[in-house]
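The block underneath contains the structure these notes are about, expressed in structure tokens.
First chain written, first letter: the chains are A, B, C and D, and each begins at residue 1.
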Amino acid sequence: MTPAKPLPAYLAQRYHGWRATTFQDSMQWYRRLAEEGQRPRAMVISCCDSRVHVTSIFGAEQGEFFIHRNIANLVPPYQPDGNQHGTSAAVEYAVQALKVAHVIVLGHSRCGGVQGCYDMCSGDAPELEEPTSFVGRWMDILRPRFEELPQGERPDRLQAFEQAAVVTSLENLMSFPFVASRVEAGELSLHGLWTDIAEGSLLAYDPAGSAFKPV
Amino acid sequence: MTPAKPLPAYLAQRYHGWRATTFQDSMQWYRRLAEEGQRPRAMVISCCDSRVHVTSIFGAEQGEFFIHRNIANLVPPYQPDGNQHGTSAAVEYAVQALKVAHVIVLGHSRCGGVQGCYDMCSGDAPELEEPTSFVGRWMDILRPRFEELPQGERPDRLQAFEQAAVVTSLENLMSFPFVASRVEAGELSLHGLWTDIAEGSLLAYDPAGSAFKPV
Amino acid sequence: MTPAKPLPAYLAQRYHGWRATTFQDSMQWYRRLAEEGQRPRAMVISCCDSRVHVTSIFGAEQGEFFIHRNIANLVPPYQPDGNQHGTSAAVEYAVQALKVAHVIVLGHSRCGGVQGCYDMCSGDAPELEEPTSFVGRWMDILRPRFEELPQGERPDRLQAFEQAAVVTSLENLMSFPFVASRVEAGELSLHGLWTDIAEGSLLAYDPAGSAFKPV
Amino acid sequence: MTPAKPLPAYLAQRYHGWRATTFQDSMQWYRRLAEEGQRPRAMVISCCDSRVHVTSIFGAEQGEFFIHRNIANLVPPYQPDGNQHGTSAAVEYAVQALKVAHVIVLGHSRCGGVQGCYDMCSGDAPELEEPTSFVGRWMDILRPRFEELPQGERPDRLQAFEQAAVVTSLENLMSFPFVASRVEAGELSLHGLWTDIAEGSLLAYDPAGSAFKPV
């Protein structure tokens, strides 16, 4: 038998508070969203990290963003091999079924996944090299970028690696035929962002200069 | 060259509003979270659906929840085959690296992924049967449950299927050795929830009666 | 010999109920808090009054708030004279050792300590003037504010006095060098609140207009 | 001007949730408590530590406990010298004005204040020896007990020191004439408790054997 436990009491209490206020205030809208279906304008791909709240940063309400969150906001390349690809499924659903107008990839500072990849590429994290390491194999998506990092101090190189993860995801998104064709038809635009958790800053990728610049 | 575009102006504007208000009010805390690292109490696995806001429902702030979002809040079984498993990587990172105390799987009403799987299993969505359908292959995780659905009207069966997705994820979580060992050691607890978007209700899975009951 | 008595049975019974339910549900988290240490985001200074439950009002769980409670939620001015200052010790520990991001002073309606001070200042409570009155001497912290109270009915003046106690504490907090320097560095923010017990309302101090306004 | 800031938004949101649920459900009782005044059965003296929730452990509702919280749950000896003694004021108000039937001192494991005192007494925390250290001077209340600690490992000695803090407070309470007279008249009883945060255990002081035993 699945050993599920009751919800901790403090979460149950907070839920009842939400239902009596936020939900009550917006009930009609939530009902319409339920009955007519969602119609999000954008898909956001961000990290699982508890310090990244994309809905807070963008003041987004229920119904606005279709959000996929995984380790290090990575999109793998297009691989239609019949295996399970959760991220690719999310991209497919957002673009093909929901016809979102934007796909936004949001990276961030102090990313544990990117740091693990950096250590792995530096030979300092042999446990992540194991075939059985899910985190290690997932971060393989970013691995080829390690050679391209600029020289410098570790914090600067980590930040460059985090931003490289965003660019990698953008490039891999373009390897999906249904993404590329919509982008070329002007029906979909891609956006790369990186936020500094401590500073609250937000940079956007500018392909012209291959650089991240303040929004 | 990656065809990234500037951020839509309305989002840039909202970001600047967030930075001038919410971020200013909590800057010190965000800096500490950045410097000392996150210590989330729980991992939440929920759907990408734009109508599900787990942080809102639970009044959760930056730092509280490590959140993975994918299509239909599914966890695949443990498969340490060296391939890329984004969901398994997120679970591994939350449990092994962050040592969260709770993993909460949150399902919801009107789930497009579950509905697609239902149609596929009913023979009404041949396109999802294609090997190249990422959504179809992803929803294969839930497929075996179709046979177990109770007789009845389509809406009731869909709801039962959505709740079966939560239970499937809980069961698959237990197939991960590092999850099972921590659950058995009393260091980790699993929780299954399902929310009705239109009603704002919240049900929790009770393994005793294999039923979902109001929180 | 210290004449300690066994715990009243009804409290022992409730404790066992808590341990079998709330504690069981959250045991893992409490263990981590014990092993890794607390990291509260905020210090709250509130009154001992049995009708003020700051954790309930804010849905706060173990680990969120470092709470000091004394008569009338008062902070004395900075006096590093080598004597025992319990409130100053609590502030020092919260700010210097725990590096909290917020200090919240929470006042409330019908405060017995403030009422005693009001009567003392009005000449109606000579017993509080005695050097041996601990409550009287403690309320001396608020005494200078009596002259500034607006004219009006006693209940309105008492409420103004309660709110003046909050402002006094905020001002006295700023007399601590380690508070002032962190506030000026943007590493700590101060907040003044006042709650009406009967109405369940919550007002916040706005220094711009020197007024308390609904949250 | 006092630099008070607005309340962080997540706390404002949770407050509104509390007001719409818990407060609404109990409004009449809160109004009576406001109009007729509090009538708490017990005073509890516990630590500011964010991991100690006395109301949760004892399932206590608004109105039940008059709660003073300071560093290490210490009560200083009776010193009617006309200076400000916040803890003594709280004890005086609880016993003289509110006529509580019980005073409960609640100590706990992993107490940072007690640990600081231990290091100070061991010569490992010279900064706490400074006259300007509020924490150091406050912990002087416990200092004389250091010599009486049993030999052994540091964790065992720290636990003994935490429990000695409870006994010290009980003894100092008896130095207050208005406490001693009420205890001797059978109108007030004192209770010493110590809780292990990680285990959720609760021990009560038994003066007969000078030992703490499970409740």
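For the reader, a short list of remarks on this structure follows.
What we mean here is this: contacts are C-beta pairs under 8 Å (C-beta built on N, C-alpha and C of every residue); 3 or more make two chains touch, one makes a residue touch a chain.
As the structure is a prediction and not an experimental result, all values here were calculated from the model.
Identification of common neighbours of chain B and chain C yields A, D. Different-residue interface: chain A and chain C share under half of the residue numbers found at their contact.
Chain D is reached from chain A by a rotation of 180°, derived from superposing Cα atoms (nearest 5). With centres defined as mean CA coordinates, chain D is found 46 Å away from chain A.
Here the CA centre of chain B is 42 Å from the CA centre of chain D. Note on chain placement: the centre of chain C and the centre of chain D lie 14 Å apart, centres being C-alpha means. Among all residues of chain C, those that touch two or more other chains are 22, 25-27, 31, 59-60, 102, 189. Across the complex, chain C meets chain B through its residues 25-29, 31-32, 36, 39, 41, 59, 99, 101-102, 186-189.
By the touch criterion stated above, chain D contacts chain A in their complex at residues 13-14, 16-18, 20-22, 24. Put simply, chain B touches chain A in their complex at residues 1-8, 11-12, 14-19, 22-23, 27, 30-31, 33-35, 37-38, 40, 43, 48-53, 55-60, 62-71, 74, 76, 80-94, 97, 102, 104, 109-110, 112-113, 131-135, 137-141, 167, 170-171, 174, 183, 189-193, 196-198, 200-202, 204-207, 215. Against chain C, the residues of chain A that register as touching in their complex are 5-10, 13-14, 17.
For chain C in complex with chain A, the touching residues are 21-22, 25-26, 59-61.
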